[in-house]
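Given below, in the form of structure tokens, are the structures.
Okay, so chain A shows up in both of these, paired with chain B first and chain C after.
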Partner chain A sequence: MRPTRHVRVLQAQLRASVANAMQYRADFLLQGLLGLMWVGVSLIPLNVLYRDRQSIAGWTWPQALLVTGWFTALRAALEGAVSPSLTAVVEHVRRGTLDFVLLKPADSQFLVSTARFEPWKVLDLGASFVIMGWAFHQMGRAPAPLDLAAAALLGLVALIVLYSMWILVISLSFFIVRADNLSFLFSSLLDAARWPVQVFRGALRFLFTFIFPLALMTTYPAMAMMGTLDATTAGTALLVGFSFAAVARVVWLRALRNYTSASS
Partner chain B sequence: MLRALRAYPTLLRVGIADMIAYRTEFLIWALTTNMPLVMLAVWNAAVDDGPVGRFGRPQFIAYYLITMIVRLLVSNWVVWEITMSIRHGTLATRLMRPLHPLWAWSAEQLAAVPMRLVLVAPVVVALVHAAGSELTRDPALLAIFALSLVGAWLVQFFLMVALGLASFWIESSFGLFEVWMGVNAVLGGYLVPLELLPEWLRSSTGWLPFRFLLSFPVETAMGLHPVDVALGDLGIQWAYVAVSAAATLALWRAGLRRFAAFGG
Partner chain C sequence: MIEVRDLCKTYRVHQRPEGLAAALRSLVHRRYDEVHAVSDLCFRIADGERVGFLGPNGAGKTTTLKMLSGLLHPTRGTLAVDGFTPQRRDEAFLKRVTLVMGQKQQLLWDLPPVETFALNRAVYGIPRAEFDRTLTELTDLLQAGGLVGKPARQLSLGERMKCELIAALLHQPRVLFLDEPTIGLDVSMQATVRGFIRAYNERTGATVLLTSHYMEDVAALCPRVIVIDKGRLLYDGELRALVQRVRPFKRLSIRFAEPPAPEVLARVGEVLSLEGLAAQVRVRGTDVKDAVRDLLGTLAVADLTVEDPPLDEVMRDLFDGNTAARGAA
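Moving on to the complex of A and B:
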């Protein structure tokens, strides 16, 4: 695996995605409006919840808003850079056209992961920064530079975990043919990440912290940004993130061995 | 019409066999209806500081569990079926049969109802156990609830067929479907009980179709409205049944003229 070639491949794939997106400018408007609508929809329950109370499970309105901001950013990253390429893999496996990917002289996981981007999701990312800015405006302070750096690092970890989990879901498509339903299930579960994990109790809290680590994806980056995350949790999060990536890599390679081309 | 009635039992049997063959997919699809449970967990943490309007802990439990039940019984995936059959041209095969495709689609969706009932049973048990006292005992309201479920199923079916038929004119109905889902989640009472919404949002829900698909049956089962109000709403709902059926048939006739199948 030579790095320079993979950088060039990434450039080419990005260029193709942008060119493709530029073709459908009407879609751009629709996608932009859709994104903003979903952001609005996600703010309504939050607004209703905090209308006549100061805090829920220890989270005040601006703090919960910050988590929503991180959730918006994460979903933009997922829908812009992760899921478009990886859902295509399911179709490749079903039709047997994955052969063409495997024949190419580059790493297969890298190729399928960078096959398609949705550049318009940058708008959603922008919206998420506006929400985070709004949250800090309501807290009446700015985040400390060191906290910002920690939050950026944890955001990266969140992205790695999300990507790895998606790879795990996709790897399942080598064993069961209809995995597209699984990706719907995955995104519907991810929706719970819009709430601070402390809101959940009992079994749900355990599930969202350790098994399907939503806590790591939005709550911890938000806490790091406010400077309320302790170093041990942050360190554990880093460790969990990288082990997730390692597991996903191993599972992908093993699943690939299970692939029997369907057509040829 | 007579021919359709004769063929219908067979269509249903085929549909049920199909459901049993794809039971895992069905189960995964059903698990994507997890938003009510997440919202219930969130409200459960929020009502520590006291109830919101008429809603305390038992009311929220009843509301979200009934929401889950109604959603599982009423929703359908006919949009996918229709969009795919128009895009891939397989609609041509259906048109060859001596039976209106609408009959076949309705049979496919209706055949899923027994499986849905099996799925809903544990939720009903949980509901009666955890919040049985919040359910209405009034036989008139219970009768209205039963009729409102049928009405909701029909409106949902016709509207989703209409959305699917939009693929005759636009490239894909999925964007439209996503808009529908977002608006529906807020104005249909899926995320938050309608009476807790801010006034400017709630004012439009009285006459829009969304609440008749979900929150009207839910509120009736909880006995939140007196019998005469519920009867009036039932009238509006069944008016929507008639309007959506007529509109869908008109769309079908107009769209079919544009249809050109390739392959199939």
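Moving on to the complex of A and C:
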């Protein structure tokens, strides 16, 4: 499929998602408001922890707030652009309608990954920028343009890692029927990304750095934004991101082959 | 156009006896059975043909259609559709075929069908002018103009099938695989869909392979049928010849002006029913002319029609015969 057709398909899918959201106007408003409320609620534990302390594991209140800002942005991107489509794949496999995706003359991973968006998550994304702005305001400075660019790049890597992990989970649904339960485990684990990874000790620190790389998802982009991330860590993060994407691609193609040679 | 040689598809199915102990045992040690969904199937279909693909439930029809459309890999044998090997799923191949499944839908549930059409336009890369022209043609043929703007979930089953057909044909495929396209539809909607399939075939010269449990679909659309049972080919040829082979009888439905003499009726053929002034008699096809002459000459006939046996009965005989033959072997 040519790149221009990818863009056209993406446009069409986005348009359908927005149209879908508009079909239910009350839902649209309610979801938007609920999302914003959750963003507000997620700040409470952080606020409580920092009421009597200056810093936790070397992170001051505005710095930890910046991590929460990245967490909010990442979750908005995940829930707005990644998980709605990929949850639908499990349903497709269960109902056998994945056949229609596979009959289309386009890359199946691209088609399923762009099938559905939740437009109101844009509000959460906006809120995340407000939190990040607030954090820098409290630090009394602005991020350097180069740090900002590095943070954006790392944010993108974080999204790629998250997306790839989702693809891996979804690929499991070709082998086991109820893989959607795994998505609950997945979002519970992700919830830990609201804290800087240095907060965790021992096995958890290892788990969240190397196995389920939460450090890469929110801590590193926040550190990059503050200009405290070294180049080696940033480079490693990029490498990890692309490795995840490559592994996810291979597993998806294998899972698909399993589907097309086994199902009826 | 379509060439199928020695096609086989075997599934490995996990077998587990009843009970908790068996369930626990199956966690460690599993027994698999091989199910031969399709065995040594061979046929050819020429450009522009309309072929009915028949068989009882579980005969392997859908498996074959899925292999032909590239969704399943054959276990053995070769397949060619319009010069392509389906399981490679080349873009050019996927642009030439379509699969309509009466029991599954591709329409976006909460949105009007036009949104699905727009999405398919982007996926298939159909130029705007061509898309508009095809969409108008298809909606006119199906009289579906008023439907495409309503959310799919508000459409009736028949209306939805019309829109499914449009979505499946917007890219003007050369080969149509139709798996039970009329399932669940009322009689008039079935007739509409049938008429549409025939018109599309005649207008574009596309090849049609159709499965259906409604024999009216097959009788109205398909001069040729391929019949399979338990994955094996039972018959490939003209529908009319199949009927003659399996049921070499015609049915005479007669209405009399006055009560007929039963012995005269029995002389003509096998009396299926006789109630008052109405009778049904089964007569060998070659004897119809003599039987009619005899009836008209000896009895007071008010009305007489000669009918082929219903296709459903033909199929039942065919499959029963096949089972019996297998049992005897």
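Everything below uses one rule, namely that the second predicted complex is superposed on the first by the 258 of 264 C-alpha atoms of A that agree within 3 Å, B and C clash if a C-alpha of one lies under 4 Å from a C-alpha of the other, contacts with A are read in each partner's own complex, and residues count from 1 in each chain.
Throughout what follows, a residue touches a chain if its C-beta (ideal position, glycine included) is under 8 Å from a C-beta of that chain, and two chains touch if they have at least 3 such contacts.
In this text the structure is predicted, and so the values were computed from the model without any measurement.
*Asks:* Following the overlay on chain A, give me a clash-or-fit verdict for chain B and chain C.
*Replies:* Once both complexes are aligned on chain A, chain B and chain C fit side by side.
*Asks:* A:37 in the overlay: touching chain B, chain C, both, or neither? Say first, second, both or neither.
*Replies:* After superposing on A, A:37 lies in contact with chain B but is clear of chain C.
*Asks:* Between chain B and chain C, what opening angle does the Cα centre of chain A see in the overlaid model, nearest 10 degrees?
*Replies:* If I round to tens, I get 90 degrees.
*Asks:* Quick check for you: in the superposed arrangement, does A:231 touch first (chain B), second (chain C), both or neither?
*Replies:* Neither chain B nor chain C is touched by A:231.
*Asks:* Please work out whether A:103 is in contact with chain B alone, chain C alone, both, or neither, and reply first, second, both or neither.
*Replies:* So A:103 only meets chain C here.
*Asks:* Of the partners chain B and chain C, which touch A:211 in the superposed model: first, second, both, neither?
*Replies:* neither
*Asks:* Touch test for A:20: chain B only (first), chain C only (second), both, or neither?
*Replies:* Only chain C; A:20 stays clear of chain B.
*Asks:* Would you give the minimum C-alpha distance from chain B to chain C, in Å, for the three-chain superposition?
*Replies:* Value for chain B versus chain C, nearest C-alpha atoms: 9 Å.
*Asks:* What residues on chain A does chain C touch that chain B touches too?
*Replies:* Correct list for chain A: none, the interfaces share no residue.
*Asks:* Could you please specify the touching residues of chain C with respect to chain A in the complex?
*Replies:* Answer in residue numbers: 11, 37, 62-63, 66, 69-73, 87, 89, 91-92, 94-95, 97-99, 101, 104-106, 108, 110-111, 115, 118-125, 151.
*Asks:* Where on chain B is chain A touching in the complex?
*Replies:* 22, 24-25, 28-29, 31-35, 38-39, 41-46, 49, 52, 175, 178-179, 182-183, 185-186, 191-192, 196-198, 201
*Asks:* How about chain A: which of its residues touch chain B in the complex?
*Replies:* Within the complex, chain A touches chain B at residues 27, 30-31, 34, 37-38, 41, 44-45, 47-49, 51-53, 56-57, 176, 178, 181-182, 184-185, 188-189, 191-192, 195, 199-201, 204.
*Asks:* Give the list of chain A residues in touch with chain C in this complex.
*Replies:* The contact residues of chain A facing chain C are 1-2, 5, 8-9, 11-13, 15-16, 19-20, 23-24, 95-97, 99-100, 102-106, 111, 257, 260-264.
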